[in-house]
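There are structures below to look over.
Both complexes shown next keep chain A, but they swap its partner, so chain B is in the first and chain C is in the second.
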Partner chain A sequence: MSLRRGALWVLVGLILTAGAVVARPGASYAHQDREATLAGSSMQHPAGTDDFGRDRLIRVSAALLISLTGSIVGAALTTAAAAGVGTLAAFGPKVVGWSTMLVCDAFLALPWMFLLMMVRSALPFTMSPAHSAAITFLVLAALGWPACARAVYRGAVAQRTSGWMLHARATGLHRTQMIRYLLPNLLSLLLPQFLVSIPAFVIAEANLGALGLGISEPLPSWGGMLFELNNSAMLLETRWVFFPLALLVVVLLALEGTAAEA
Partner chain B sequence: MNTEALLRVRLSGGYSGSDVLRDLMFELQPGEVVGLVGSSGAGKSTIVLSLVGLLPWRGGRVTGEVVMAGRNLLALREKELRAMRGRSIALIPQSPMTALNAAISIRSHFREAWRAHDKRGREPMLLRVRELMAEVQLPCDDAFLARRPPQISVGQAQRVLIALALLHRPALIIADEPTSALDPVTQAQIVDLLRELNRRYGTTLLYISHDLISVMRLCDRIAVLDQGTIVESLPVSEVGQARHPASLSLLHALPVPPEALLRFRDQPARNAETLCELAEKLPQ
Partner chain C sequence: MSMRVSRLTLLAFAALLLPMARTAAAQAASRLPGELVWTIGYDPKTFDPAKVDDQESETVRYLTAGVLLRFNRLTQQVEPELAQNWTVSPDGRTLRFTLRPGLEFSDGSSLSARDVVWSLRRVLLPATQAPVADEFLTPARVSVEAVNDRTVVVHLPQRVIGIGKVFDEIAIEPAGRPSEGRVTSGPFFVNDYLRSQYVRLRRNPHFFRKDATGRALPYASGIRLDILENTEQEIRLFLRGDYDLIDSLPPDYFALLAKRSPGSARDLGPSLNTEQMWFNQSPASPLPGWEKAWFRSHAFRVAVSQAIHRDDLARIAYDGHATPAYSFTSPANTVWYDRALTAPHTDVAAAQAALAAAGFRRQGSVLLGPDGHPVRFSILTNTGNAARSKMATLIQQDLAALGMQVTVVTLDFPALIDRLMNTQNYEACLLGLENVDPDPNAMMNLWLSSSPNHQWDPSEKTPATPWEAEIDRLMHLQASTGSDAIRRKAVNRVQQIVANEQPFIYLVYPNLLVAASPRLEGVRPAVLEPHLTWNADSLQLRGAQ
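For the complex of A and B:
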């Protein structure tokens, strides 16, 4: 079995398991069991509970699903934006291409994490948890496109002078037809960009959450659960606080493995 | 100058820092097959791109005029020129595998080329494609049309390009070394196919090549290109009277005397009976 296929199966297995845990009747990521706060593994709570008595397995499962959904949507948006910007820059007048790439360079030169923190902290803290999740991934998508746009621009410029493009022009194809002609040729470039963006967004959300700037409580997120690791007293109570971190590493490895040979 | 000419060309141009075409002049009469021959670097590909207004896409510049049906193509706006490309002037390029888009099917190539100039929809297009595939001796079944360029042979790809060039029945076809990537048998078949299409439809053909054998087999007239200008132009039947050193060096490179080639000019190539084999049968 290839590395990619193995990683994909691990990912599918994790998603199905998380889905089954979250969809189980009576499962609630917000339910607080006051009798068992910061508990270890038990029949009722296989991965223990957090300091509010919320089931860690349900919360980790929900976080995995939210994080992956948000990251996949964010990665799709950022890849689509990069494809649009890169292609237009490559096929537009030279000055447009040149200035667009300058904007991309300026974006890439910015301290990315700091910018994310700044943008996210500028948003109101009173918003609903669902909105906070949507905005977190939208901000990631809005800031993630320049590197990908640069790669698309390079690829599209190479295609612009290719033999088939010259023949397409000699056949009298419209500009829109040529762009439609172009997209299948850029797929080998866009797919890896999309797949690489997913783990990048998962880890970026986790980092933002760990700084308290990600998805708001009570909605579970990797970052929110990693936030628990700040409390050294809690680390001594139960080893299960490391469970979200361990699972995050497995998910990231599986995502990187899936993107590896694309 | 003949006012009846289909195409009247006077060109100078090249790339930054080097002039490739120097006051190049020639005319094409309707229905004529003209072979533009020259050694590598003589400016053949630059002429092709200049004629269809695509030299700037390769970083070149061109001045002069390319007059077709009373319109100077070089003075046209891009939109007007686009409307002529593929419909009035079509191109058969040099490398079939790079000229076709590897990511899309043969059917998509025809569909897009059709839509560029004809809004009548799918049915007339399918009818025309079926007709053309028979012309160029390619299968027209769904399985073949669904293939992408890497899934067909180079010879088949060149036939697809010829069919694409014929799609809108252009008045002029420019063939830029269309046989250079092919084996000798397929070369001879393609040359015969072009000759047959010219006879049947009267399409004017500008055949650009360094291969004098195929030019002599196909063309009515030969124009010899040297250092960006045409140094000699004469009917194929009088090629033995060429006097310019560039023409003579091309003729001397032939494996047999030009008269011998002309003798077999009108014999269609059969699969195993290529020009080379015919040449072997000639008295020394």
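For the complex of A and C:
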């Protein structure tokens, strides 16, 4: 329990700090200070600048907020979709349940990275960076639900044959009424699914970005910043290029820690 | 010179750098005594010297083929090679070559006029499909004859500008025995080839050339060309001493190399190549009408050009290893560079004023076109070229000062070329042009409005504008006249029209960056390709006698 609480505090601390950095007056993640490219730590740029002279601390903070917001919204959507599909499959006619799970399996078998790349490259070029961010997480959510739906389906099937359910049916409760009692019972299943999805989406976005398919410039993203690490020449310039990577690891650990034991 | 020269850097090294693409590959094979080793980016498509159409096949041909005339990459002059001397008749239609005495092929058989005639005819024959044949303009009507054992006469139906250089690309092979580079009259011959591993060349012991002291060339016992497209790995192996040179070094690695191996990396100043951006002006493109109108607007193009800070592009995207560009001929092109050229330079205030005069207006931070649509477009460039992506991001901010909302899109080369050449579905594009030949005649296929490589509006049926018609006329003029003064005047005028109209917005000339091992002797870098290996026969490792 204490580990979980600690992780949560780290997370809250990071979010508040990042929020403060981004909200500071005059802070711009896109401003190019062309006279100070790849600078080291200074009063003006505590974490130095990137190769365009953009403040690294502001960019990392913005990336953290964008990535967490997107992942949380995405995870909520995925979990909601999975809850809907899972319960429907469990309580609907057998054919529906069977075919839904087949669809889920087929979905899981898809080469999703390839699919993401296709979806991403089919989008219009002039899409604004904000739209690209929204779409990236929506696509992740749209592809993330089947695994979760399978788990929900299993849980819901177990509930269907449980004692309280038999009891409720015997007392003449209608199906729609039973949903009200079912959801609290599934919560212990949905919450971990939700929490586990968040770090998965964070890392998926980082992967996509590192392939150049995620959130588009000048909006900062984990993937875009990790892309810098591809070039060994860059690593010699300043140690601060590792800063986004280090922070991403901390965020992921905190997220996993929060999800643990849930 | 049309085919091989001046084309978009289709898959030139830079495009193939995607570091994730391949990690394994050549763990360098062991080096034979006296052997030189460097890399090529991909498997040569052919070893038949007559069929060469890609850069790496050309690399092998250059090192192996014996040619009548050599275009000296350092002096930029045509010099006799297998020919002892050559003459051109005053009307430019009869060429007479006299061979050196006692020439031999790498297998020891003798080389006579018969072999020369056979090799030239093979290249001219339509069935061979030799790309170099096009450079004779009407290859079917060229005749080749041997006058005696050492003299060959070539008759052309019309004068061809720069005909000497054409013979630099024609390998003389044993008559009736084409061998795909196994038997050559050049400094090296192909010994073995392991697909996607290496091409190994051996020294031709019968090569005619000797150094000043009378020692037979080439010095090196052979050359191994490792096939490797991963720059990271290439540099690692170079630093370890496995590779002797890097003929084309990406700018972001220059500092690393300068630090790790002092003296090996060299910046030779601006190359002949250009990086440019252009707007899609094709009427056939699926873009909305108002965008086409912007892109065809002279004021719009000039304003964009004026808003771009080229110094920043050179300094930030190329780490200082580039030179701001305003024209298609670079200062490295000593013969054709025009110092008197006037072109729009950086002037954001003038750009804003010109846009306002052309009916564009500001609404807050957003620029609206005369039609009321916000000016928003994407710049397309290829993946895997860090400098280009960086330039696009810098331009994004430069154009934001005018209120233009620019997005940067990177696509892999096949998808990019499909959009440029087939669907025309793009707004602006940022790419480079590799100029192998300094003569502007080589850029015919770029400037003629009817050409499919006339990028801003390919394959026009008739010139779309008076200035494009004028460029057509001037390019035809320079290609047909025998007078150098008229040629120069025509080419300077083309440069000035391009600078005025900005169909291509030139950004920078990337500097020529090379690296050579401190152990490598005889290095004399040239602006022309192959920069470090044009004198491969005189290169050797210190102490590898």
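Quick notes
By our rule, the second predicted complex is superposed on the first by the 261 of 262 C-alpha atoms of A that agree within 3 Å, B and C clash if a C-alpha of one lies under 4 Å from a C-alpha of the other, contacts with A are read in each partner's own complex, and residues count from 1 in each chain.
Here is the rule we use: contacts are C-beta pairs under 8 Å (C-beta built on N, C-alpha and C of every residue); 3 or more make two chains touch, one makes a residue touch a chain.
Note that the structure is predicted; figures quoted are calculated from it, not measured.
Placing chain B and chain C on a common chain A by superposition gives a fit, with no clash between them. Of the two partner chains placed by superposition, only chain B is touched by A:Trp164; chain C is not.
Counting the residues of chain A that each partner touches, chain B and chain C differ, and the larger count belongs to C.
By the touch criterion defined above, A:Asn231 reaches chain C but does not reach chain B.
When the shared chain is aligned, no partner comes close enough to touch A:Ser41: not chain B, not chain C. Once the two complexes are overlaid on the shared chain, A:Gly172 sits against chain B while remaining clear of chain C.
In the superposed model, A:Gly212 lies in contact with chain C only, and not with chain B. Seen from the CA centre of chain A, the centres of chain B and chain C span an angle of about 150°, rounded to a multiple of 10. Applying the stated contact rule after C-alpha superposition, one finds that A:Met127 touches chain C and leaves chain B untouched. By the touch criterion stated above, A:Pro184 is placed in contact with chain B alone, chain C being left untouched. With the two structures overlaid on their shared chain A, chain B and chain C come no closer than 50 Å at the level of C-alpha atoms.
On chain A, the patch touched by chain B and the patch touched by chain C do not overlap at any residue. Partner chain A is touched in their complex by these residues of chain C: 19-20, 232, 235, 252-253, 255-256, 259, 309, 312, 315-316, 376-378, 380, 383, 386, 390, 393-394, 396-397, 405, 407-411, 415, 426-427.
Chain A meets chain C in the complex at residues 30, 32, 34, 37, 51-53, 121, 125-129, 211-212, 216-218, 230-234, 236-237. For chain B in complex with chain A, the residues that touch the partner chain are 49, 52, 54, 57-58, 82-87, 90-91, 93, 95, 98-104, 112-113, 115-117, 161, 164. On the side of chain A, the complex with chain B involves touching residues 160-164, 166-174, 177, 180-181, 184-185, 187.
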